[in-house]
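Shared between the two complexes below is chain A, which has chain B as its partner in the first and chain C in the second.
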Partner chain A sequence: MARFVVRRLISVVLVLFAISVVTFLIFQAMPNGDPALRLAGRLATPETVQAVRKQWGFDQPIYVQYLKMMEQILTGQVISYTQQLNVIDEIKRGLPATLSLAIGAGIIWLGLGILFGLLSALTAGKFLDRGLTVLSLIGVSTPVFLIGALMLYYLGYKLSLFPLGGYVKLTDSPWGWFTHLLMPWFALSVLFIGVYSRILRSTVLDTINEDFVRAARAKGISERRVIVRHVLRNSLIPVVSLFGLDFAAIIGGGAILTESVFNLNGVGQYAAESIGRLDVPPVLVITMFTAGAVVVLSAVVDIIYALLDPRIQL
Partner chain B sequence: MSLLEVDDLRVSFATEEGVVHAVDGVSFSIDSGEVVAIVGESGSGKSVTAMTLMGLTRSPNAMFEGSAKLRDLELVTASDEELMSVRGAEIAMVFQDPMSSLDPVYRIGDQIVEQIRAHDHEISKAAAMERVVELLERVGIPRARERVRSYPHQFSGGMRQRVMIAMALSCSPSLLIADEPTTALDVTIQAQIMRELSALREETGAGIILVTHDLGVVADIADRVVVMYAGRIVEQGSLDDLFYDPQHPYTWGLLGSITRIDRDRSQRLPAIPGMPPSLLAPPEGCHFRPRCPFEFDSCRSVPPLEARVQDPPGHRDRCWLTPEEKRAHRQVDGEIGLAVEGTVTS
Partner chain C sequence: MATTDTAGTEFSTDLAVGRPEDHAPPGIGPYELAWRRLKRNKVALAFGGLFLLIVVLCLMAPVYAKYVAHTGPAANHLADQVKVGGKLKDVVSPDGIPAGPTWHGRFFLGADANGRDVAVRLLYGGRNSLEIGLIATLITMVLATITGVATGYFRGRTDAVLGRVLDLIWSFPVVILGVALGVALAVGGLQIGPFELKGNSLGVPAVIIGIVYIPYVAKPIRGQVLGLREREFIDAARTQGLGHARIMASEIMPNLLTTIIVFIPLIIANAILLEAGLSYLGAGVQDPNPSWGTMISDGIRLIPSAIHLTLVPGLMLVLAVLGINVFGDGVRDALDPRAKVRIEH
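Up next, the complex of A and B:
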């Protein structure tokens, strides 16, 4: 276990280094990416641009700029170019909304994905299975901005069942928090429910033909016990690994569209706005944050793996 | 009354290509303490017959006819609840592949406890585990008290099959079905497992149905033998009837293709020519006809399974040849075998 933790910590450092270098270089290579031009304003004279360039250190060699940026990030002093606000504080401000979105949606999509996948597998080829297959294909192929817009228009505007976007803190009003998040949770979950139910359906259909399932039936235990304890338990392993990665990506600001459509002001929305402004520091920090979340959660997935399957050793 | 009475059992499966008659009118019976071997090659319907007795072949595509009675309970039409209470308790099964028949994610002990507690609702977990330890000791697993906490992947194939046998014995079944229990194991382990099975019959008085294609195993342990070919029984009788006075050409072929220590090793081992027929479109009449060198006009109609030799009444076969013709045809080089091209007949 100690070796496992050490190995994973080393891999976090390596991944963060690689991803920060790549992200940093992409912005350097981008045409029209000179931040001094944008910082100096639209009507700035060449002298002003030059002064800004010198002041922010954009005239230094790339590796010096990179190291300076890393120093600022690691000491928590990194400032965005356009808003001139501390990036770490901005991310902290968006994190509760993003975490609320990710956790609620994660529970919904994992629960419904497993339920629909299992139902689909157990009724394979029958009407219910076909219906669920069509639904999951629709879910996978409908973009979240369309689902979100439809929900906002019909459920929010026409029927006034839910508030039209925005985020309310859990500590301010638990009920407000819940009603504001219900639509985003489902809008974000639709795609994942579709994907997860398809994957679970196929793993359940593979598992159900295993010899040990037939042997379990031969013991005289109930069919329900056979399905839950033997079939489902053995089918969950691929779903768990997927869930860790998807969940990490959303915590790291991956739900850009959902956060923007419902105006949640989370990390994803901050990322989207920063990319629009070609603002390097926030994009870099959010990218590193996402990568870190993925690496850490994949370690958690590996631990759950070992708990689910005794053949796996950490 | 027999322990199990199977009468004209038929099992067919609807597949994409058509209806497959996997078991086509099988009848046999077994008493307590008796070992009946069902012999045949892959696809002969022997495993389907065995699994149908436990209701394990039930599916929307399967059709069943005939009867299989365990004492008074009709297994073919039994409800799912009735079958559930019979499975594991009255009829237990040892499967072919011990490597894949245990659930990889649970401890050995817990898997056997699960079966005990499915049939005995009063017993505590601890008491059930105590019984598991005894069972594992009985089938020869050393340090059983520690090994109950092991997972299947920590056991060898032979050990896992012992675990499967212990599990099958856990509720003292009156009928044990062993479906090729030694096929996946190496030869030294095979002998040990077969010894466990014989000892068990002596101790518990359970009836054992042994499904196998290994005639060596049959000769060791069986009291009676049922030979199946392409879904039908072609011959059945006592061990001695089958080995010393076989009536069906397919049985001759099986006997002739055993490796024997007293046979001249310079010759190739004789095999039955051809392939078993497709069960989608089986040949008209006798199913063995296309591979039989002694085929004649009558073979186009199905020979009934009946006693054709006088002495032992239980010895029945499905071949139109007269007993005298059979005695003459089955001699190959002074041994019983199926005369085929390239084999010298004497």
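Up next, the complex of A and C:
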């Protein structure tokens, strides 16, 4: 266990280092991307641009700039170019909305994905299975921002059932928080429900013909218990591993499209806006944050793996 | 729907258990077998046909524009009037609301906020979306096959270097990587040696999407090659004195063909979806080029007043992607009823 943790910690550091270098280079190597020009404003004289360049350190060699940026990030002092606000504070401000989105949607998609996948497998080839397969294929074929926009129009605007986007803090009004998030939760879940239910369907169909399932039935255990304890438990491994990665990506701001269409002002929307402004520091911090979340949660997934399946050793 | 695994396997056992003693009928190869299974899967064929129909319609865009709509994809008709349900109406009303579908040749599916014909733009946009999807898929498949085969075959140092590059792309969040590259390239374009990409060309999103999906294909291929290289027929080839390139090309590649074929529709579908997402965030296709993604995102901005601007391209995109997804599912079932291939977003 200790070796596992140490190995994973080393890989977190390596991944974050590599990602920060690549992201930094994407924006630095970009032509016409001189940040000093943008910082100085439209009507800046060459002298002003020069002064800005010197003040922000853009005249130094690229590795010096990178090291300086990293130092600022690690000490929490990093300032965005365009808004000149502390990036870490901005991410902290967006995190409650992103976390609320991820947790709610995660519960919905995991629950419905498992339910639909199991139903589909148990009725394989029958009408219900076919219907669920069609639904899941439509789910994986529809862009999330289209679902979101249509939900906002029909459920929010036409029927006035839900508020038209935005985020309300849980501490301000639990009911407002819930109603503002209900549509984003479902919009984000549609794709994942489609993917998860199809994966679960095929793993359940593989498992159900295994000898140990026949043995369990032969022991006289109730069918319900056979399905839940023996079939489902053994089929959940691929779903759990995916869930960890997908969930981590969303916590890290990966639900850019959902957050933007519902105007949730979370980490993902902050990423989208910063990229639009070619603002390097926030983009750098958010990509590192997301990648870090993915690496950490995939380690957690491996631990859950070992709990689900005693044959797996860390 | 599209899941005929049970029917498929029954069919295969009938034919695969050959009787060597009688000479006719001749045995059939795995691809012939797969094709026969696919032909029995009517749903998959129907959806494949739907996708093909959309492709053909989009290819006919110039014909439609010239002979039916009498306008181009970028021509605006802000000052014109058009008949909607028998009444003459401004193409775009003075307060900026575009006309809805007329169901006639001109403005069949209505106008957008710039007074452009939505149906014409839909077909031209479809051309761009499909083109990006296909080019991106080509880039992904070629590069992923090369890196997958090379890392799996040589292992060691090649694997250590290329494998880490794949891991790096993999650990980037797809949309963030795509948007960052998209915005960066849209500003400056890209120039590598003789290849030059203008910032607003269709090549930019195609290249980005192509790169983003490489690890998703390269990793499974690598895994398969790792298994293949230990098999006896590779040893046999090596003892015959074949070089590495020859072994990879003529011994390993044919065994990967099924995996590659299965991935193609999957990547096309996801590439079209990612293009739409990038365009929604302003990092995909750039104005004035239309694409389904840019049309949907333009439509969303006008959503309470002109829902048809979102619905029309949205429906087209979903139908195209659904068509290729269901067809791809059928192809996968036909080639290998037990295969499990997927891609995440």
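By definition in this document, the second predicted complex is superposed on the first by the 314 of 314 C-alpha atoms of A that agree within 3 Å, B and C clash if a C-alpha of one lies under 4 Å from a C-alpha of the other, contacts with A are read in each partner's own complex, and residues count from 1 in each chain.
Going forward, a contact is a pair of C-beta atoms (placed from the backbone, for glycine too) under 8 Å apart; a residue touches a chain by one contact, two chains touch by 3 or more.
Remember, predicted model here, so these are calculated numbers, not experimental data.
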Chain A as common anchor, with chain B and chain C clashing or fitting: fit
Touching partner for A:A291 - first (chain B), second (chain C), both, neither: second
Which superposed partner A:V64 touches (first chain B, second chain C, both, neither): neither
Contact breadth on chain A, by residue count: chain C or chain B: C
First (chain B), second (chain C), both or neither touched by A:V5: neither
Contacts of A:F212 with chain B and chain C, given as first, second, both or neither: first
First (chain B), second (chain C), both or neither touched by A:N234: first
Chain B versus chain C as contact partner of A:L150, first or second or both or neither: second
First (chain B), second (chain C), both or neither touched by A:R311: first
Chain B versus chain C as contact partner of A:S222, first or second or both or neither: first
Nearest Cα pair across chain B and chain C, whole Å: 5
Contact residues common to both interfaces of chain A (with chain B and with chain C): none
Touching residues on chain B, where the partner in the complex is chain A: 51, 54, 56, 80, 84-89, 92-93, 95-97, 100-105, 114-115, 118-119, 151, 153, 164, 167, 171
Interface residues, chain A side, partner chain C - complex: 15, 18-19, 22-23, 26-27, 30-33, 124-125, 129-130, 133-134, 137-138, 140-146, 149-150, 152-153, 157, 191, 195, 198-199, 202, 206, 242, 245-246, 249, 252-254, 256-257, 260-261, 271-272, 275-276, 278, 283, 286-287, 290-291, 294-295
Contact footprint of chain B on chain A as seen in their complex: 210-212, 214-223, 229-230, 233-234, 308-311
Residue ranges of chain C in contact with chain A within the complex: 1-3, 6, 164, 167-168, 171-177, 179-181, 183-185, 187-189, 269, 273, 276-277, 280-283, 293, 296-297, 299-300, 303-304, 307, 310-311, 314, 317-318, 321-322, 325-326, 329, 338, 340, 342, 344-345
